[in-house]
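One chain, chain A, links the two complexes that follow: it is found with chain B in the first and with chain C in the second.
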Partner chain A sequence: MTTTARRLGPRISEWLMFYVLSIMVALLLSAILVEATGGDWRPVMNALLDGSLRKPGRWGETLGTAAPMLLVALGTIVSGKAGLINIGQEGQLLVGAAFATYFSFLIGGPGPLNVVLLLIFGAIGGALWAGVAALLKFWRNVPEVLSTLLLVTVGGQLVAYGLSQSWILLAPLADRGNRNQVSEQLADNNRLPHLEIFGNQIPLAVVISIVLAVIVGLVLSRTVWGFRLRMLGRNPRAAQRSGVAQTTYGASALMISGAFAGLAGAAMLAGGGFAFGNYQLVPGFSANIGWAGLLVALVAREKALVAIPVAFIFAGLRTGSSFVGATGVESKITEVIQGFLVLALLIPPAVMFLRDRRRARAVATGTV
Partner chain B sequence: MTPAFSDSSEVDSTVESAPAVEFRNITKRFGAVTACDGVDLSFQRGRIHGILGENGAGKSTLMNMLIGLVLPDEGSIRIDGAPQQIHSPLAAASLGIGMVHQHFSLVDALSVWENVALGEIGRLDPSAIRNRIGEIADQYGLVIEPDARVGELTAGLRQRVEIIKCLRRDPGIVIFDEPTSVLTPDESVQLFASLRQVVADEGRAVVLVSHKLDEVLHATDDISIMRQGKVVDRGLASEADARTLARGMVGRDVSLRSESAALGLLSLDQKALDLAPETPLGPPMLQIENVVVREIGGRVVLDGLSLELRSGEIVGVAGVEGNGQRELGDLLSSLVQLDSGSVVVDDEPVSVGRSGAMAKAGVGVIPEDRHDSGIVLDMTLAENLVLTDQSPVSNRGIIDQRALESRAQEMIEQFGIQCSGPNAPMWSLSGGNQQRVVLARELAQHPKVLVAAQPTRGLDVGAIEYMSDRLRAAAADGVAVLLISSELEEILDLSHRIVVMNSGRIVGGMNRSNVDLEELGLMMGGSTK
Partner chain C sequence: MTEFFDAMGQIFTSESTYTIGALFAGFLAFAASGEWVAERAGTLNISVEGMLLSGAFTSAMGYHVTGSTIVAMFAGIAGGLIVASVQAEMSHRLTADQFVVGLTLNILVLGLAAFLDNELEPVTKHAAKWSIPLLKDIPLIGEALFGQRWPFYVLYILLPVTWWIVFRTRWGLEVRSVGENPQSADVSGIDVNKRRRQSIYYAGFTSGLGGWFLIFGQIGVFEDSVVGGRGFIAIAAVIFGGWTLRGTIAGCIVFAGALSFRLSVQGVGYEVNTELLQSLPFIVTLLGMAIFAHRVRPPAALAQPFVRGLK
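Presenting the complex of A and B:
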């Protein structure tokens, strides 16, 4: 035990230092950029902090944004452990939200029950959409990294079609005024409740996602299923010999991954709020949360619990940036700054990953 | 312990110029393990220096420092008398140090000359490279077709490509790391002839790292023996003899049968002591009937193979590598689909290609390449011990971490696995210890049939004896043991019955007690009597 503690000690400080350094460089570059384009960097930094944490109600907003990102990341982690690269969460999320919308209005029913059903249908929608990729992979050997990505576009088109047809998703004329492509709004009692803490509105999705993160962490590390999934991801041939069928385990991992993205979509729909609109499905509803969740999983290096703070940081960047525009700095510059900060978060894990790989290879080829 | 050599100081006094490489008091630690412990060693130009030692003795670490993969914690390295810090393989290359690695780093899809050109900077000149390959081929007897696709070459020829890759840069110091572990006996003889050429012409220093006593004895000029990170003995090859070298390597007298076989000291016609199975032969445990397996490309790799194994016997499958031995191992690991034929284990037909079917039917496998299907490097030792069956350490689908660790602890002690503990990552174990993990796991399943494919490849002497004893003990317990090996000595040492594999089928067999080596060789070569 002492040896592991000793080994972890310098590792964590190493990590922290790396991140601090990397973020400082990103901030420095951002400041230079803002100054060079005729702005003033101090209000920009202040706006970032105001928007993500300091102003009243903002950290609740950040938490609310983090929840779906975390959900998407958890799904990415599950498929990643099985050695499958699902990068189609953006589409799975949207299809999940569409499923949730459709069935929620189809079934109706009493409020709380309908909310639960809505979340479940969201998960099913996402799982089915990822299931298409799973089917292609295990039936026809199509690489999932391609199929999941391409299905994002297909999903987007299908949902757009649904939103244009009143027998599918389009709201009745009376409810949408002169707008096209918009679904009916969820009734008040069909929305996810919010907890109010110190004036911050925190959607229940935050609690759900954190609980799920703990569950995913435990399932992967402590159950036979998680064990076998990791075996499949790390050595498919050893898994095949040991009775872990790639088709069943791989397909379920991919579908669970999609289910998490779909759940995120449903939670965004039913959670509403500043970031995710008005409890109704519209074009562009997924708002890049699928891509952001993918990055969260990458930065968290496939560790479910680490994904919690990482999701919060990414959400903070998003909510913070929304305030930067008010400083008069051009929106393009804001986007570049956001890009710098995301890179600052991505570089340390990438460098460490490469270094570990190199070290492991040196050990494996050469030593005791 | 008496030294293997009469007078070791003599070597140094006969050489006046600075040695090509000189290690001074080199120490390297990995965590709690000291891989090299105050090593002093020097290599002279114009000579072949053999470094002999068991796996984990520190040979590879020492060489990795020379080629810039590992930095020493203490001590200094001098190249031609000048102290050098070798930070990277590039730095090593600029000092004229080249290495032919045990594991090939070739691109199968590319041709020979393209592989040789890899890593080249600047404009590519195919004809110049082809010419250079031709020159090297002539000079050292390393004949090869520059336009052949590497993926289609035999192991011996691939190694030749590696050697040409290394020699093309004209290094002054060349290291060969366990070069014969992939070669047939014939190819090894050819390799050593080339090695001699490499040294003779331009006064290169050649280092041969090996755990095979016999080849070091015959192919080198100077020998250093390493054990537990230290150089324990050194001297001239001409003055050394096998028994004392073996004692230096292992740290005790080597008298056991399998050890001697492993060192090549067992003469082939020597009658083994216990040729008959220790227990009377039981019922058939494994029946392979007319099995045909095709590769994805359509090539037939197992072509009507039939084989029967009875409880309590060890059957050795002899043959030149690449005649379907690997596929036979895969077949018994549920890694291939049958085209036709059947496999029956203990009177129950097995649906071969279904994942886990063979393991479930009671077929334990020590695979030819443990990294391929035997272990998961990125999981812990404890986890690797339950890959095939998690039921002893789980309850209703939940893994009991404490049970997992205590079970691992038990096996670590029982099988003498050297590691930092049950939660050590598998990649941190040495090859021999990884192999023990595989053995421990497979035996713990109480298999009906145990397949051991090249079970001692790359293992040190002590580990080989251990593995052989375990296989004999398993057979004595009534397990049907199938030993697939390209080392005839190993097969003669262990088997009760020998069958020969050629072109994907069993072409003949004989009992160990009346073995006819000449006929065996003919069958291996593919000619039926």
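Presenting the complex of A and C:
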């Protein structure tokens, strides 16, 4: 018995070797691609490191980019644990940001309070947008995989429409010069403050997202609610029998995941600065952060704390990409690297799972 | 309001509405027919978007290099199959989650297409128009169905062949059985994951053709935004059609109507907000699924991975 248990247990060195190998292959493929199109991979690599870490002020920027990604990833982890596949974070994020913009100008309360309200309304907006998918799923049986995806496009167009109408989001003519489709700018006291550490500007969203990561991790692993959610994800039928209503728990998980995406959108808006524009909403404001956050959650294999370093790495690829252009290689290469990395990181756990299955069967049939 | 109805009347009596609609429906049908096979085998294959884009790009490259539309077609098929191979091998050999793989592939292919398009800049042009005599003189729909560029006519072969394979061959029966009850299929000696992989390859094949059709039959130039989420509409068409081929094609036509409506409305000079119009096909798709999705029965093992001994 003990030997079996040891044989089936985790083999850290094997895992590590597998992961390192996969990452190497992904990087190798990317390098080959760069070389094949007439570029040189070394300057690209250098530019990536300069842009994400080495040049002054850059790691603060990377942290600032990682924060919304982490928030999106946390939401994805919540819905993923419940066995629901929400892949519409990009839209939920944008709708959340639009809600935050709209209501912060509608209410216009005193500064600090308004920042909090803005974040809350962002979360509500994202939750409502995910709620549409939840409604379609549990009332009309539409797979959430598809509805959340389609709602990304619809959300994008609706926000663009809102930005073209002055009674919704469009800024008054005096404030926008001759630009179309921009919202008013958040007032100074409506912005999330930045911390300054070693010459790096770090938005408060970084702290918020890390605190939330710890909370999400604890809630999912240590509370009854979290346990029920995991049960629902692992075995919906058993969960239903023991009193976990799929409709209530599933819908709330989906809406919470939307709320995190919306919160990320609001934080991008109020945190502003380098990566996310000028404290105002424009079409395409979400800037693929939703997709990236989703990938972070997938790579972190639905573990909230693992998502923190993963988000940092993905954010590094993003902030690094702005330096890649100078090397003469199309900066889109970072998206390719990101895709290869994610695919490569899917392989080790799948292979290990299959090997464990095979060994378990061998043990069960007595051939070992 | 009368203005509105006038415009509607104009739209529905003009031949160009049907011609544009047929192009959109044809494009969706290429992707949806393969997707339908994959879903009958039990894979909700969301990488169809990536397959389409990959097929479009490789076919554009094929033409760029050789100048032959036929070579471009095979290049497009190869492009679809490459994406299909990653999806199939990773989700049904390695048991990685099919949605995770599909989503990652979509993002990867989009990045690759954007990157390679900028680096290689393929130059393409439309294929020739073939008008079928007599048939194309049918009022309203004649031009739409029989006066298109020739890649469109591939569809007239592909759809019956797809039906025949799924319903009249042993392979088709096995594919349907692994989508309904993989455990029983496994016990009766069918390699479940192999059939599923093969059905994904079929989806890659048709989607690759779809990408080729998009470039040479419809748009004429490659950009990284050519597919633009329509792969997902093709998936919705399968659900809308209740996992029957007939219904799937009907879904393609309905959603294509919504896609082409935008162009038709602007064609008759009726002013509607662009953003709202652009989201129309997606809203129609969502509504279509909301109305029909709970009335139909999906393949019983749809989106459930199969590992022997695990239920």
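Rule of thumb we're sticking to: the second predicted complex is superposed on the first by the 289 of 368 C-alpha atoms of A that agree within 3 Å, B and C clash if a C-alpha of one lies under 4 Å from a C-alpha of the other, contacts with A are read in each partner's own complex, and residues count from 1 in each chain.
Heads up, the rule we're going with is that contacts are C-beta pairs under 8 Å (C-beta built on N, C-alpha and C of every residue); 3 or more make two chains touch, one makes a residue touch a chain.
Computed from a predicted structure; not experimentally measured.
Trainee: Given the touch rule stated above, what does A:147 touch, chain B (first), chain C (second), both, or neither?
Mentor: In the superposition, A:147 contacts chain C only.
Trainee: Could you look at A:347 and tell me whether it touches chain B, chain C, both or neither (first, second, both, neither)?
Mentor: second
Trainee: Should A:98 be classified as contacting the first partner (chain B), the second (chain C), both, or neither?
Mentor: neither
Trainee: Taking the superposition as given, does A:231 touch the first partner, chain B, the second, chain C, both, or neither?
Mentor: Only chain B is touched by A:231; chain C is not.
Trainee: For A:239, select first, second, both or neither according to whether it touches chain B, chain C, the two together, or no partner.
Mentor: first
Trainee: Taking the superposition on A as described, I'd like to know which of chain B and chain C A:37 touches: first, second, both or neither.
Mentor: A:37: touches chain C, not chain B.
Trainee: Identify which of chain B and chain C touches the larger number of residues of chain A.
Mentor: Chain A has more residues touched by C than by the other partner.
Trainee: Which parts of chain A are touched by chain B and by chain C alike?
Mentor: none
Trainee: For chain C, which residues are in contact with chain A within the complex?
Mentor: So the residues of chain C in touch with chain A come to 44, 46, 86, 90, 94-97, 99-101, 103-105, 107-112, 114-116, 118-120, 229, 232-233, 235-236, 239, 273, 275-276, 278-279, 282-283, 285-286, 289-291, 293-294, 303, 307, 309-310.
Trainee: Tell me, which parts of chain A touch chain C in their complex?
Mentor: 33, 37-38, 85, 87, 136, 140-143, 145-147, 149-154, 156-158, 160-161, 164, 291, 294-295, 298, 330, 332-333, 335-336, 338-340, 342-343, 346-347, 349-351, 353-354, 357, 361
Trainee: Any idea which chain B residues touch chain A in the complex?
Mentor: Listed in rising order, the residues of chain B that touch chain A are 30-33, 35, 56, 58, 60-61, 63-64, 69-70, 101, 103, 333-335, 354-360, 365, 372-379, 383, 387-388, 390, 394, 397-399, 401, 420-421, 423, 427-428, 430.
Trainee: Could you list, by residue number, the parts of chain A that touch chain B in their complex?
Mentor: The contact residues of chain A facing chain B are 3-4, 7, 222-225, 227-228, 230-231, 234-235, 237-246, 360, 362-368.
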